[in-house]
Amino acid sequence: MRVRVQEAAFDYGAECGAFAARQEGQGAVVTFAGIVRDTAQGDLQAMEIEHYPGMTERALARIAEEAQTRWGLGDVLVIHRHGRLAPGEVIMMVATAAPHRASAFAAAEFLMDYLKSRAPFWKREITARGADWVAARDEDEAALGRW
Amino acid sequence: MRVRVQEAAFDYGAECGAFAARQEGQGAVVTFAGIVRDTAQGDLQAMEIEHYPGMTERALARIAEEAQTRWGLGDVLVIHRHGRLAPGEVIMMVATAAPHRASAFAAAEFLMDYLKSRAPFWKREITARGADWVAARDEDEAALGRW
Amino acid sequence: MDVLYFAWVRERIGLPKERVETEAATVADLVEELRAREERYAMAFADLSALRVAVDQELADFDAPLAGVREVAFFPPMTGG
Amino acid sequence: MDVLYFAWVRERIGLPKERVETEAATVADLVEELRAREERYAMAFADLSALRVAVDQELADFDAPLAGVREVAFFPPMTGG
């Protein structure tokens, strides 16, 4: 299990490749990548991500541990960036490995649902119109109900 | 949308990286990789995958098109190998890109469920004990019921 | 028409593909003709619930009509992914 | 104890962190003390349903006790991922 919180960019493809290559006895790998999406107006200059150092690492480690235990994962990886990102950049990723696909998919979705609403990150969109904090979506909170 | 059926190995990490890099306006990328898993006895020498040339490409293209339409995907990729593979090798992958994670996850699971039971591939495990065709699992057929 | 066999169906019958001249109206009729040929065909087609069929590269049922069909394939349930 | 503010709570109050000497028994009591200080605190804490709180880096409720606590943080609902 690995959890990384960092300002630096990371190579999503290289992380996926290395993760899959180190799985022994696992038949299924699922990955998710969150990408900085432009605004509806197409004028996004940057996405700024604030976080709570210390609590962030603890929250992510706990979520990853719970996923690993609950679905008997062979491995789990979480990487989340903070700071200033450009449109198209990868914000974060998770990867899960399990004997069969159902567990790998469920665990990855669980990780994402909890990470979205329970890990202390806050996004702000910077455009020529100003800087706006991204509002939490009701469906993200509601998504936790299924686990 | 890209569908590839090939005997040659492919670089799963490089495919993930290139797929994520070419997404514009999509916030979520999900990938799945199927890996050759050893037998319970730990004596797998190779996995042989037979397929039905012609029908395979048609079936995969149709499944990918349906996923793209149904979940409004920005992009979808399917790669599946045939021939002889060693334990630990990547058999196949799918990747989906969508504005939000729920669509990307659902489409990837749909692709995998249909690909497992509706694309003409047959796996055979080669061990010192002989060569055994892998039996279809009832839960794979049952998984189609949810879509 | 061309008749194709895959996986253990191919192994039991002993060939991957053959040309079959038939007046069979449906896939099920074709199966009856094949079964009557030789023991290896009877063995391969012993349990139709363990078999799948594709007609012109589309999955089909055993009651599918064969008029105008160029290619029929028989194989076990698929195990890709 | 240390009191931390993040995102728009930090912006409204105008600082990321401050040392607060308090006898408040619960988070809610602490919020009342802070609200009474200045308008910017009253503004930041106007609608508690829009806020989340962490006590010693664990998510908590507003009725959580503060005995022995070293760090309290206030912030809006999280938007990671």
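As written, the chain order gives the labels A, B, C and D, with residue 1 at the start of each chain.
Operating definition for what follows: a residue touches a chain if its C-beta (ideal position, glycine included) is under 8 Å from a C-beta of that chain, and two chains touch if they have at least 3 such contacts.
Given the structure is predicted, the values throughout are model-derived calculations rather than measurements.
Along the graph of touching chains, what's the shortest path length in steps from chain B to chain D?
The distance in steps between these two chains is 2.
Going by average Cα coordinates, which chain is farthest removed from chain A?
C
Quick one: chain A and chain B, Cα centre-to-centre, how many Å?
23
Report the inter-chain centroid distance for chain C and chain D in whole angstrom, where each centroid is the mean of the CA atoms.
Going by mean C-alpha positions, chain C sits 71 Å from chain D.
Scan chain D for residues touching two or more other chains and write them down.
Expected reply: 81.
Using the touch definition from the top, which residues of chain B touch two or more other chains?
Those would be 34, 101, 112.
For this structure, give each pair of chains that are touching.
Pairwise, the chains that meet the contact rule are A-B, A-D, B-C.
Would you pull the chain B residues touching chain C in the complex into a rising list?
34, 49-52, 54-55, 58, 80, 91-92, 112, 115-124, 133-136, 141
What does chain D use to touch chain A in their complex?
For chain D paired with chain A, touching residues are 4, 6-8, 54, 57-59, 73, 75-81.
Where on chain A is chain B touching in the complex?
Answer in residue numbers: 11-18, 20-21, 23-38, 88, 90, 99, 101-102, 104-105, 108-109, 112, 139, 143.
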